[in-house]
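For clarity, chains are labelled A, B, C, D, E and F in written order, and residue numbers in each chain start from 1.
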Amino acid sequence: MFGHVKDLQFEAKPDGPDAAFARRLQEILGGKWGEMTVANQYLYQGWNCRLPGKYKDLLLDVGTEEMGHVEMIATMITRLLENAPLSLQEAADDNPMVAAVYGGSNPAHFIHGGGGALPTDSNGVPWNGAFITASGNLMADFQLNVTAEAQGRLQVARLFNMTDDPGVKQMLRFLLARDTMHQNMWMAAIEQLKQDGLEEMPVPDAFTDSKQFTDEFSYTYLDFSPGQDAAQGRWASGPSPDGKGEFRYDGNPRAHAPEPVLAPGDPRLYGTNPDPAGDPHEVAR
Amino acid sequence: MFGHVKDLQFEAKPDGPDAAFARRLQEILGGKWGEMTVANQYLYQGWNCRLPGKYKDLLLDVGTEEMGHVEMIATMITRLLENAPLSLQEAADDNPMVAAVYGGSNPAHFIHGGGGALPTDSNGVPWNGAFITASGNLMADFQLNVTAEAQGRLQVARLFNMTDDPGVKQMLRFLLARDTMHQNMWMAAIEQLKQDGLEEMPVPDAFTDSKQFTDEFSYTYLDFSPGQDAAQGRWASGPSPDGKGEFRYDGNPRAHAPEPVLAPGDPRLYGTNPDPAGDPHEVAR
Amino acid sequence: MFGHVKDLQFEAKPDGPDAAFARRLQEILGGKWGEMTVANQYLYQGWNCRLPGKYKDLLLDVGTEEMGHVEMIATMITRLLENAPLSLQEAADDNPMVAAVYGGSNPAHFIHGGGGALPTDSNGVPWNGAFITASGNLMADFQLNVTAEAQGRLQVARLFNMTDDPGVKQMLRFLLARDTMHQNMWMAAIEQLKQDGLEEMPVPDAFTDSKQFTDEFSYTYLDFSPGQDAAQGRWASGPSPDGKGEFRYDGNPRAHAPEPVLAPGDPRLYGTNPDPAGDPHEVAR
Amino acid sequence: MFGHVKDLQFEAKPDGPDAAFARRLQEILGGKWGEMTVANQYLYQGWNCRLPGKYKDLLLDVGTEEMGHVEMIATMITRLLENAPLSLQEAADDNPMVAAVYGGSNPAHFIHGGGGALPTDSNGVPWNGAFITASGNLMADFQLNVTAEAQGRLQVARLFNMTDDPGVKQMLRFLLARDTMHQNMWMAAIEQLKQDGLEEMPVPDAFTDSKQFTDEFSYTYLDFSPGQDAAQGRWASGPSPDGKGEFRYDGNPRAHAPEPVLAPGDPRLYGTNPDPAGDPHEVAR
Amino acid sequence: MFGHVKDLQFEAKPDGPDAAFARRLQEILGGKWGEMTVANQYLYQGWNCRLPGKYKDLLLDVGTEEMGHVEMIATMITRLLENAPLSLQEAADDNPMVAAVYGGSNPAHFIHGGGGALPTDSNGVPWNGAFITASGNLMADFQLNVTAEAQGRLQVARLFNMTDDPGVKQMLRFLLARDTMHQNMWMAAIEQLKQDGLEEMPVPDAFTDSKQFTDEFSYTYLDFSPGQDAAQGRWASGPSPDGKGEFRYDGNPRAHAPEPVLAPGDPRLYGTNPDPAGDPHEVAR
Amino acid sequence: MFGHVKDLQFEAKPDGPDAAFARRLQEILGGKWGEMTVANQYLYQGWNCRLPGKYKDLLLDVGTEEMGHVEMIATMITRLLENAPLSLQEAADDNPMVAAVYGGSNPAHFIHGGGGALPTDSNGVPWNGAFITASGNLMADFQLNVTAEAQGRLQVARLFNMTDDPGVKQMLRFLLARDTMHQNMWMAAIEQLKQDGLEEMPVPDAFTDSKQFTDEFSYTYLDFSPGQDAAQGRWASGPSPDGKGEFRYDGNPRAHAPEPVLAPGDPRLYGTNPDPAGDPHEVAR
């Protein structure tokens, strides 16, 4: 069960409006790697977590914090949308900056949202549930969470370079700091999973039935292009990071199965089949 | 530029048909973590890669291999769809297995695909471009690639337990082996990035302007629920994995900004504003 | 800013598993009228609300409660997914009930979610941000909120009739009671808006520039089919509910503008244009 | 069955082109609350309506009218797209207005649509079927229809303020007038449903099995944040609008169920489970 | 402007209910090649058509007819959904046919639609505007229309084989007959475009600026795989169907540009760039 | 199985950057008719093709070539994105061209893609699997392929007119030439199918059970609007293109079935039904 306090975790107030930047800020609100994604991802992972205790707590705590980040960014966007040029006539006073704001803003911010934030990315494409994963396997999901914070922090840092507004920059600094913590936190959680003897790499480490292919396929780099640049990498020789194998390099990977020839289809589906009355190879080959 | 050989990288032939399993296998073809995702993700990362040499080669090589996996799974699905019950009448011969196949199969496999594979997940939701990310930052993307292979191998392992068909299981073993390699490979590539002095954690390590918040926010775990289970974790004390800080624990995080009070909106947008003719707090509070 | 307690607002424990019903319950979690929709809709409306005080508080309070409903339903689904038949072989023991569960369950619940809830509807289509609206106009949005609770309660009542499980039914009773409250609450909020002199019907009542059409178009029912059944309704005569007009009935609505003839297009777009060298009517008519 | 006349219901001719406004006008054509939504929503509600007579007629009549509005707006957009700047070079003649049109227009209008209207919203996101609901319960659906017309009229009024073009404004006035009628009409239809004894609030009024929770949950406002602004509202005390209860206020809502502890998952799904060989609380808590 | 008559173009009444077939029938209502697609596609093409006269009339006529087909199929689905098993308990009476109906039906038909048709495909994925194209070029669009009718008729024919219900089959026969007409009609319209001197193949025939590549690229088949099966086809030798060239065959296509080496990116975007302080090839290759 | 060479099929290097054009070029990369569509469509058609030999080879060859076009366009976009204005401040130096670039560019290109291509259309809407069809019937699919190349070439030709950059224009000329070949090739493949006796029009020609409707419905043009412009077309009289019938014209099509009256719904779904205790026509009509 959740509670809400009216204060914000951190200040979300720009020094001035900028509707074009408001559109851009949507990317970290409702984009694939935005705050709606991490909030929902951690909460779903927590709800589905079958381990009581510190892991479930961790997931639900951080998901709850991210809900507060959604709130901060929505608030910031709503303020950035104030005083925007609504029409071409307002944009046409021989001032390229107003023209750029008009051209670069999101019409739906005004027509649909009435000057408020939307649950969409920077192009107005709605956030959707496929952005999140809660697989039930904590190692797979903590790896995803490291990435989510890395991609998220990357996007915040880019946005930091797209504005001069001190108020906006201050909020972004806060988010960058929290993303720093969260990247570290999920890396630490991966360490903890290993220490607790719960999961190892590769995921899922409990699967044991592909041993016959270990020598040939589980540790061999297959190079599908001429030239051997890739052979210079750490991934082509030496011990594998999972500690269970030795990398090998195959510069000329071969096919292991012949060209597939499919059986004729069910005639009730009216697909194009080899002619039943003759040799299909003579007719259609 | 690409080339194609007609042979398959590995055999994709079931011992018998199973249209309900064919529906399930779609998850690793056109689902969020399926082969279309990794193929396109690595190729886009490769095309956008601004570093010539081994990294770009790695990305394009493996993306090319994954195209061959898309081919194998599509072929397997097409064969699993043979001889499926098309109507309720065929499913109604007092045989629960046929009823289960009829109920559990995907109608679009027959109506739309004519008995062939579709670029969708196990529920028939189309694959889409938002499933992939090519951020330009190799550390962020290699972290995502580790996850993609982890989530992918997890799904293949689950599917392995959802069928008894020896031919299907053999192809899944091959995919599990390659996912083992690819998880290791992306972990090795992360090591290589560090060795080459190109990227560090947290991403992006080149961003330097949030130092003022380092002490308070960059390494502090904020616990947003009563109870301190989360304080027991590796993420609440000790050195941070990035080697740059020391974790701290805050069991009672405070808000840093007051309740946001927004300015009235542009009246041309007809939002509900405080009454301009009186004290909005008297009227509407 | 949000907080979380580990206890649930209400119990979410079935008496037994039922993976097919779990699929169905997804509709009120991640469907268009599910709890993710009302939670996010009320929160966004609250964040964008430019009136401080009771309205903003109302929106954020109820949105916060709905987050707790998301949690309850996700928990229930995760429990309903236990002990599900994973393969056709398990469904094929001559037991139609197991066949029905196998055929009626959602494969992604197992392959993607590992036995946990997903942010999707009952067909596995992801929840998306277009399901919610926060227009900035409280009258328009409160009307939507009445509907959201009406559609939501309707769906819960239908699900109540799709299971015999006492634990499931008990949670659904709780949700039905809260939806009763919430329908009443938004209706009361509409009354309050009027009492406070903030908004009237029709929305937006501040728009005043279509008076010229009031007589002919603003209160006239246009009947676009033969037969006059519709003329019997409350909407075809008598005073209009907004108190500003009188309904009229027009059984034979006429067109007010001639067939549109478009100008030729820009030839650089290669659309099919009337032949510039001749009379397009002679050539192409 | 439908028929078509070539004339338009109302004139749809701008005084001049404006490709940036054409993009904006798409919101009321193919956006969530646009004409495609109301046309399809009323038609589906009509086709699914199990009551012969005036209600079914009402739904199909108005759906048919809305098809004519789709036609008008599509025609208007096509005309607004004429003479648009196609290239950066055309936008670069030191004229900020042309730059604003170039920047603010939708590239797909030209590349995909060849200068014609598209079935998308103002950001180019396609209209989709999830925008509409036909629930079979007329009270729930008429409430939605009131909202659809309210949100729609709100958007038209906003667009009215985004252009100076007299021809565009005239068409928008017509749409505003019809939306006035339609809001009133659906409100009248709700009254009629009650008069005819068919449906009451709350929806569905025929559901009767949650009486045990009436006292505690069906009429109690739960305040999930500190501060009691919300207690001042009409929704916190007094009789409920459905006439069946009395509002109560609970400023400190409690949880009714303990923290959920989930059973271990099926090991074949490889989720992270408590260690079966030891006390999971010792290992992982 | 449109009108509606209450009668149906053709009878849409099954002999008995079949909720599983109702789910399947959705494919030709709201699927990619369903009636919503052709109705909207022809109407948008008509509204955007810049040629007055017979072509515009053709498009709007047939689009209007297709709206009547949408109506028929929606009506049929609503009838097929009657008397469906709502719960596992109803499906569990040792009758595989009921189990198959329960497993094979669409839960949203009942929970969301209340037993009515939905604007989705056979898997419940919503119809969307990207399914249609109105390019402004009639040759390109009429080719698409031929395909739409071909794919549509193919799907109807498959559905014909998925049921024994005489009433359903009779409606499908009618649709097959109309799809026969419509395939022929669009082929005839292509002939007419040529006769009228408006458009030729290849589309757009008015584009003239690639003549330099005609010899090498405009008529040469490039074979990207070993083996020369494809050389046996009509597409590898002889005159081209557009009458403007002669097919050639190239069994070993070459690359025409070197490996692309990208410039370093803007450092403000934090992509991984070659090390500015050293030779990137030494460091990272 | 696929291979990759590092060289490009054709040069993809602009003479200068243009981030606004880069956004536009996305339409032919990840739009409905872009290269991702044709690549995936031909490959899926090939994998699902049940005819060994020249047709399967054709499909896989051309799909493989199109993968190389995806690569070229992605490379071009990445180069066009260099040196773009990142902020309003950079766009505001009194230079309308920079304002137009800022306003007309896609923010996600920078925030999400770090200056690289994305798998989306020109508005940032992700490519999705519903863009492609592989029906199993080669005649239906080759018709679609003709269209795909026609729509694709049309879009490339339009883009050719939206830039002055010689490097961009040269790559577009190459694509136009290949689209010329591919349109011809699919037309030739249709001829070949007929020559080989495999498929005829209308699709599917093997369906034979609608003969009873041939006279009345299979060759009759139904005119659903007043006025007889459409009667002038090739589609209203003369022999039908399939060679099996004679076109007829019906200027006043009639309905063949009465108004549908639906049975009452299952009361457990709470739809609005006729009152069971009285005459529903008296109560609700």
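The criterion applied here is as follows: a residue touches a chain if its C-beta (ideal position, glycine included) is under 8 Å from a C-beta of that chain, and two chains touch if they have at least 3 such contacts.
The structure presented is a predicted model; accordingly, all values stated were derived computationally and were not measured.
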Checklist line | Chain pair equivalent in interface to C-F, over half of contacts matched, among A-C, B-D or D-E | finding: B-D
Margin query: Same or different interface residues for subunit A and subunit F, judged by whether over half of the residue numbers are used by both?
Written below: different
Notebook entry, point to check: How many Å are there between the centre of subunit B and the centre of subunit C, using C-alpha atoms for each centre?
Noted result: 28
Item checked: Distance from the mean Cα position of subunit E to that of subunit A, given in whole angstrom -> 30
Next item on the list: Could you list the positions in subunit A whose residues touch two or more of the other chains?
Entry: 1-9, 32-33, 48, 53-55, 57, 60-61, 64-65, 75, 78, 86, 96, 99-100, 102-104, 110, 112, 114-116, 120, 123-126, 128, 130, 133, 135-137, 139, 154, 157-158, 161, 204, 207, 224-225, 227, 229, 232, 255, 259, 262-263, 265, 268-271, 285
Next item on the list: Answer with line, ring, star, complete or other to describe the graph linking chains that touch.
Entry: complete
Notebook entry, point to check: What does subunit D use to touch subunit A in their complex?
Noted result: 18, 20-21, 23-24, 27-28, 31-33, 96-97, 99-104, 121-125, 154-155, 158-159, 161-164, 224-227, 255, 259, 261-265, 267, 269-275, 280-281, 283-285
Check: Tell me, which parts of subunit F touch subunit E in their complex?
Finding: 5-13, 32-33, 53-58, 60-62, 64-65, 75, 78-79, 82-84, 86, 110, 114-116, 125, 128, 130-131, 133, 135, 137, 139-140, 143-144, 146-147, 149-151, 153-154, 157, 160, 169, 173-174, 176-181, 183-189, 191-192, 195, 201-204, 207, 209-210, 212-214, 216-225, 227, 229-235, 238, 240-242, 245, 247, 253, 255-260, 262-263, 265-266, 268-271
Note to self: Looking at the complex, which residues from subunit B come into contact with subunit E?
What the structure shows: 1-6, 48-55, 86-89, 91-96, 98-100, 102-108, 110-112, 114, 120, 123-126, 135-139, 193, 196-199, 203-204, 206-207
Checklist line | Complex contact set, residues of subunit D against subunit E | finding: 1-9, 30, 36, 40, 43-44, 47-48, 57, 60-61, 63-65, 67-68, 70-71, 74-75, 78, 112-120, 126-130, 132-137
Checklist line | Parts of subunit F lying in touch with subunit C, wherever the complex brings them together | finding: 154, 157-158, 161, 229, 232, 268-270, 285
